[in-house]
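Heads up, the next two complexes both have subunit A, just with different partners, subunit B and then subunit C.
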Partner chain A sequence: MFRFIVRRMLWAIPVLIAGSFILFVALHVTTDPVKAAIHHNVSPDALIKFKHDLGLDKPLLEQYWIFLSKFFRGDFGTSYTSGAPVWPELRTALANSLVLGFVAGLFYLTVGIAIGVVSAVKQYSWFDNLSTGLSFFGLAMPPFFFGLVTIVLVGTFYETHFHSSTPLLPFIGGVYSPSTSGFDLVDRIKHLILPGLTLSVQEIAVYSRYMRTGMLETLNSDYMRTARAKGISERRVTLRHGFRNALIPLTTFAGIDFGAVAGGLIITESIFGYNGMGRYFLDNLHNADYPMLLPWMMVVIASVVLFNLLADLSYAWLDPRIRVD
Partner chain B sequence: MKHSRNTLVRIVVVLAALALVLSACGSSSKKSNGGSTSTGPTGSVVFGAEQWPSCLNPITQCANSSWLQWLVPIHVLPRLAELDEKNNFVASPLLTELPSIDNGGVTGAGKTYTVTYHLNPAAKWSPDGTPITSEDVKFTWQAVLKSTGSVTTTGYDKISSIETPNPQTAVVHFTETYNDWPDVLGGFSGVILEKAKFPTGPNLGKAMNTAIDFSGGPWTLQSFTKDKEVLVANTTYWEKSRIPKIQTVTFVPVTETTKEVQAIKTGQVSAIYPQPATDNVPLLKDSATLKSIFGVTTQYENIWFNNKPGKPFADKNLRAAFSYALDREQLLTDIVKPFAPTATLNQCAAWITGVGPWCEGTAFTDIKPDSTKVDSFMAASGYAKDASGIWAKGGKQLVIKWMINTGNKRRENTQAEFIPLLAKQGFKLVTDNSDSDTVFQKRLPAGDFDLGMYIQVASPDPTVTSILDTKSIPGPANQGQGQNDTWYSNPEADKLMETSDGEQDKTKRADLIHQVDKVLRQDYVNIPLYAFPSMLSYRTDMLEGPLDQFINNPESNFWNMWAWSKK
Partner chain C sequence: MTEILYPPLPAGTAVSSAALGMGEKPLTPARLAWRRYRRHKVAMLSTVVLLFIAFMCVFAPLFTKYDPNTQIRANGVLQAFLHPQHGHWFGTNDKARDMWANVLYGGRISLEVGFVVAMVTTIVGTIVGVVAGYYGGWLDNLLMRVTDLFIAIPFLVGTILLSRLPGTQAWARTIMGPPQSVRAVIFVIAVFFWMPVARIIRGIVLSLKEKEFVEAARAAGASNFRIMFRHLVPNCTGQIIINTTLAVAAAILTESALSFLGFGVDAIFTPTWGNLLSNSQDFLDGYPYLVWAPGLAIVLTVLCVNFIGDGLRDALDPKQLSV
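Moving on, here comes the complex of A and B:
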């Protein structure tokens, strides 16, 4: 197991380098920090000075090497736009996205899996039919639309129909209400509910469908019939044998899903002004701020590698027949 | 089974704990000091901001955003000249008076052009209480020129030196006559910085990212994060009439229209300054607790003809005929008034009535639909309608390419409504649209269009030499950087514009500008439409005071929030 983890971690290094280089080139091809920063009437001399100051007059490979060597020494650099160090802002955005991802993830995984299991066990029942219908509704619901609907519902709709002078839930201020100073757990949780729900609506639909399919496959397999023939109770057969095996394909999907969370939930974060990796990416892409974007890319690539590794490791836990080493 | 369940519970507990730890790490809020509890400013309010700057430095790229100006510098940093509610330059509280020829503050011409500022001896930096001096003025000029990524050096690069004979006098020497001197170290975006706060010198490229810990304005900046900005009343401000009545103002980003509307309607924010559009104006109608007021910005939208040789509108008769074919009133009613109910037609080529005395408001009043004039001007250029009713010459139909930036609903709706209407008058127009970058960065400078619809800014300084003078047509002489994208050229207009740029008497200058406007009208340089509207929506149950006093001002209506009170 240990050797497997070390091997995967070592493999992550060339993946990081290759991935970051591809994205580095893509960024340079598609964005231009000079154009983003400079006004129409700037003289050619000022442009040359600006490029020189930012090191943009160096060859592309040299620019990449400078970034990479600094990055692996822990020097994340400073923003082109603000001159501020990159790491504090990236750290805050990453932490906020992970919080939202984990909280929403726990919610949609729990609900999605539970619905999937019940739907499979009670196949073609009214619950199964209802959950199937709702899942299609959820899949068809764009997060940007659902997010705005939730804002209206907890805002003017709630105030009007429930005769309240305040919204049901806060939807401005990002991670805290404007009046909050310092850490406030209750306020923090309140600010996670709407973005968490917005993020969950499609995911619950997806995971419930995956889980239902997985459960139906395992429930109809030979070893399940064998287990029943041995006289094991239906509840134990379902949960111990069926549920556990049905989770395996779901684990791959969840690993990729959680890995992507570190890249930011661009739509959800933008709607709610949530200061996470998605908003970080959008803001800095608009400014073509390479020093801010490149470490973001490294974190995203690393998290995808990490969560895929965790998914692989979880196979062994779910099914002892799978040996990761 | 029990083992599995316990493991699952442990995982959930660990993840929840991790989420809480990360939650604490991710907190970017800062502790509030609670502000002053003494008599004077009281209460706190929250305002919404449609855009959120990524940093605070007022002289680097951070200052590219108007919202940065509206959120921080105008409240915190002093400036030399400032704009009043009618967009005239006046002395800020930092000056004893605005320099002028009459008071001897503006002297010379050409290389001897000099502006002398006398600083108010009472002006002091907060919180350290040191005087704001001419050394601060000189330092800020150097910072604008020497900071990495300085957003613009226009005007500052025309200063040859700044003398500081005493702490309250700054003598600014220009390399040439420069009538727009009030915009340097003042005006809309110019500021003065406290030299003592930057001991490493004037390269401020990496300074003032998320904090400005000094103030020479009515407010001090307590904190700025990605989620909010907190301004606290500066009770030591020397201009007592501008000491705020509200203790704390918090700005929060509300960058999405639905959210912005919900935020003001539910009282989460007390005021917003949205860009009026058809998707927010109907939702922000006056109610028992909400009031919306409209003004005009300094931006105006026109239809611009491309005069470049070889293009159809290089023909003055065609420009004239087209001007009399387009119904400006209908365009205003159908396209503009749904989001700007108080909008009126602009009657000047490159100025608006709300900004200074430069627009008389009469030059283009006769530009109204007139089919007789259309036919007459087209015939004068040899055009005749073909069998399909389209103007043609030499057997070839006249096809006009109308360029706008894609995604701009207002302009797309204009094309959709007016292309069929103009076709009835014999003009065959085709859409020729591109994305914003292509339109403004490539096609306009290259003169790659026949007809354009876009916005220009009417600066308080009335010069239009940079956009209409022959010397500003992009070419080798100006290294392709000229901004006369319509290739308009008339020696008479050039002479008047250049004379006006050198005229220091405001009345005489206004007269010259009016003459320029008349020449531009005779040349049918463009079709003026309207000044772009501004809008303020506020909660009448939360705020009171002169909230709309500066609604026509480029500083935004938030400029005078020192005079606002919390209800």
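Moving on, here comes the complex of A and C:
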């Protein structure tokens, strides 16, 4: 197991470097900070100086090296546009996205797995048929459409039909209502409900289907029959032998999902104006603000790599057969 | 598999099915699949609905007298934000354009993107998969690492960056067309869509290439190319069709997501379901009806395509549990 962990961790390093280099090049090819700055009325001479000062006239490989060495020394630099240091803003965005991602993740995993297990245990019951039907709807529902519908429902619809001057739940502005000062848990939770639900719709559909399939496979396997033959109660057979084994393939999917959280829940965040990594990316992409975007990129790739690693490790831990190869 | 296997007959031999001891027509795999598909009632219904939607979008002028970009005027006054009413079933939007016409014409683009992306990615994915699986060795390794790389790039980040390429690089415009054109969007989505097909086909080919019929073909002097595309690919037909169908649904959703974020098809002259929906979000407060038409169009279409995919899976791959 130890060798497996070490090997997987070493493999993560070239992936991180290759991935960040590709995104670095992609960013430089598709955006131009100088062009973005023209909007701010800069003279051509100043532009050349600007380019030189930022080191943008150096070869791409050298620029990448400068960025990388600064990044690993913890020197994140300051924004082109606002001049503010990068790290505090990135940290806030990351924290916000992680909170939203994990709260929503906990919710959709719990609900999705529960629905999947019940559907499999009671195959072809009314519950199974209903959840199958709903999951098809969930899969066909674009998250942004669902998000807009929730906004209409808690906003306009609620206000007119329940004679209220305020919406049922806040749906604009990421984290705090402007009126609150400091940390307000209730307000914070309220702000998470709609984005969380929006994120969950498709995911619940996906996970309940995966779980149902996995559960049906394990329920019909030989070791389940053996367990029953040994006289273990049906409940224990289902939970200890069936459920636990059916969870194994899900860890990979969940790992990939959570790894993507740092990359931002781009759509959800932009619907609800939630101040997370997705909005951070879109805002700074518009300004081609490299000092803001490059550390973002590193965090995103590192998180994808890290969670894939965790998924692999948990997979190996749960299913000893994996470790052999 | 339950197909009835006949001994191969010399070409030109006319043998009646009765002579083979069969009173009815022989069941080809295609006919068997069709029979199973017909039994899937939801899939059959979805096929009809989807064909109907496609028909309405393709022949949009038959169903609306308005051009999507015509501004509706009454007595010279622009009729923006008309609520749904007779003559304007889905109302008019902020630009005083008829929403029913926009949804129909927008469907053309959304469906076009869906189908073209599915076709292109199936072809590319199949070629990559069959070449990697058949040749194995370093070629397989190389192709699969490239596939992994594309999978590792965060999907929306990749598509957003790529969609900006024709705006900044002249050479990209020769391949992708002008920025925010339909062609550019199809290209952007297709670049990040071919990997699953490639992996699936490679997996099947890896096991198929050890089978006797491949050996027989090789013994008969068939070239590698012939073995791959006349013997191996036809044996993957079921999986290919299923994945193409699901790719259509996913591509329609992706197109709308990109348009929604403002990286899709330019909303000013070319409506798509995605950019109509995106446009509607600014007017949620007073005019929520603008959300329903394009949103429900997407849901209904994707729902139909997914049901068809489910039916095809039952029909073409009876061994697999439907997910």
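Worth pointing out:
One rule holds in what follows: the second predicted complex is superposed on the first by the 298 of 325 C-alpha atoms of A that agree within 3 Å, B and C clash if a C-alpha of one lies under 4 Å from a C-alpha of the other, contacts with A are read in each partner's own complex, and residues count from 1 in each chain.
Everything below uses one rule, namely that a residue touches a chain if its C-beta (ideal position, glycine included) is under 8 Å from a C-beta of that chain, and two chains touch if they have at least 3 such contacts.
Fair warning: this is a prediction, and the values are worked out from it, not measured in the lab.
Overlay on subunit A: subunit B and subunit C clash in the combined arrangement.
By the document's definition of touching, of the two partners only subunit B reaches A:S82; subunit C does not.
Contacts of A:R236 after superposition: subunit B is touched, whereas subunit C is not reached. By the touch criterion defined above, A:R188 lies against subunit B but remains apart from subunit C after alignment on the C-alpha atoms of chain A. Touch criterion met: A:L23 reaches subunit C, while subunit B stays clear of it.
When subunit B and subunit C are set side by side, the one touching more residues of subunit A is B. Of the two partner chains, subunit B is the only one that A:V103 touches; subunit C does not reach it.
When both complexes are overlaid on chain A, the residue A:G273 reaches subunit B alone and has no touch with subunit C.
In the superposition on chain A, contact of A:R91 is made with subunit B only, not with subunit C. Residue contacts after overlaying the shared chain place A:S165 against subunit B, while subunit C stays out of touching range. In the superposition on chain A, A:L216 makes contact with subunit C only, not with subunit B. None of the stretches 2-10, 38-46 or 254-262 of subunit B clash with subunit C in the superposition except 254-262.
Judged by the document's definition of touching, subunit A residues 35, 148, 151-152, 155-156, 270-271 lie at the interface with subunit B and also at the interface with subunit C. On subunit A, the positions that touch subunit C within their shared complex are 15, 18-19, 22-23, 26-27, 29-32, 35, 136-137, 139-145, 148-149, 151-152, 155-157, 209-210, 213, 216-217, 260, 263, 266-267, 270-271, 281-282, 285, 300, 304. On the side of subunit C, the complex with subunit A involves touching residues 149, 152-154, 156-158, 160-162, 164-165, 167-169, 249, 253, 256-257, 260-261, 277-278, 280-281, 284-286, 288, 291, 295, 298-300, 302-303, 306-307, 310, 321, 323.
Residues 1, 4, 12, 15-16, 18-20, 22-32, 44, 46, 48, 54-55, 57, 60-62, 64, 148-149, 151-154, 205-207, 209-210, 225-228, 250, 252-256, 258-259, 262-263, 265-269, 437, 440-441, 466, 479, 481, 483 of subunit B are the ones that touch subunit A when the two sit in their complex. Taken together, the subunit A residues at the contact with subunit B in this complex read 35-44, 46, 50, 53-54, 78-84, 89, 91-92, 95-96, 98-99, 102-103, 106, 148, 151-152, 155-156, 159, 165-167, 170-176, 178-183, 185, 188, 236, 239-240, 244, 270-273, 275, 279, 283-284, 287.
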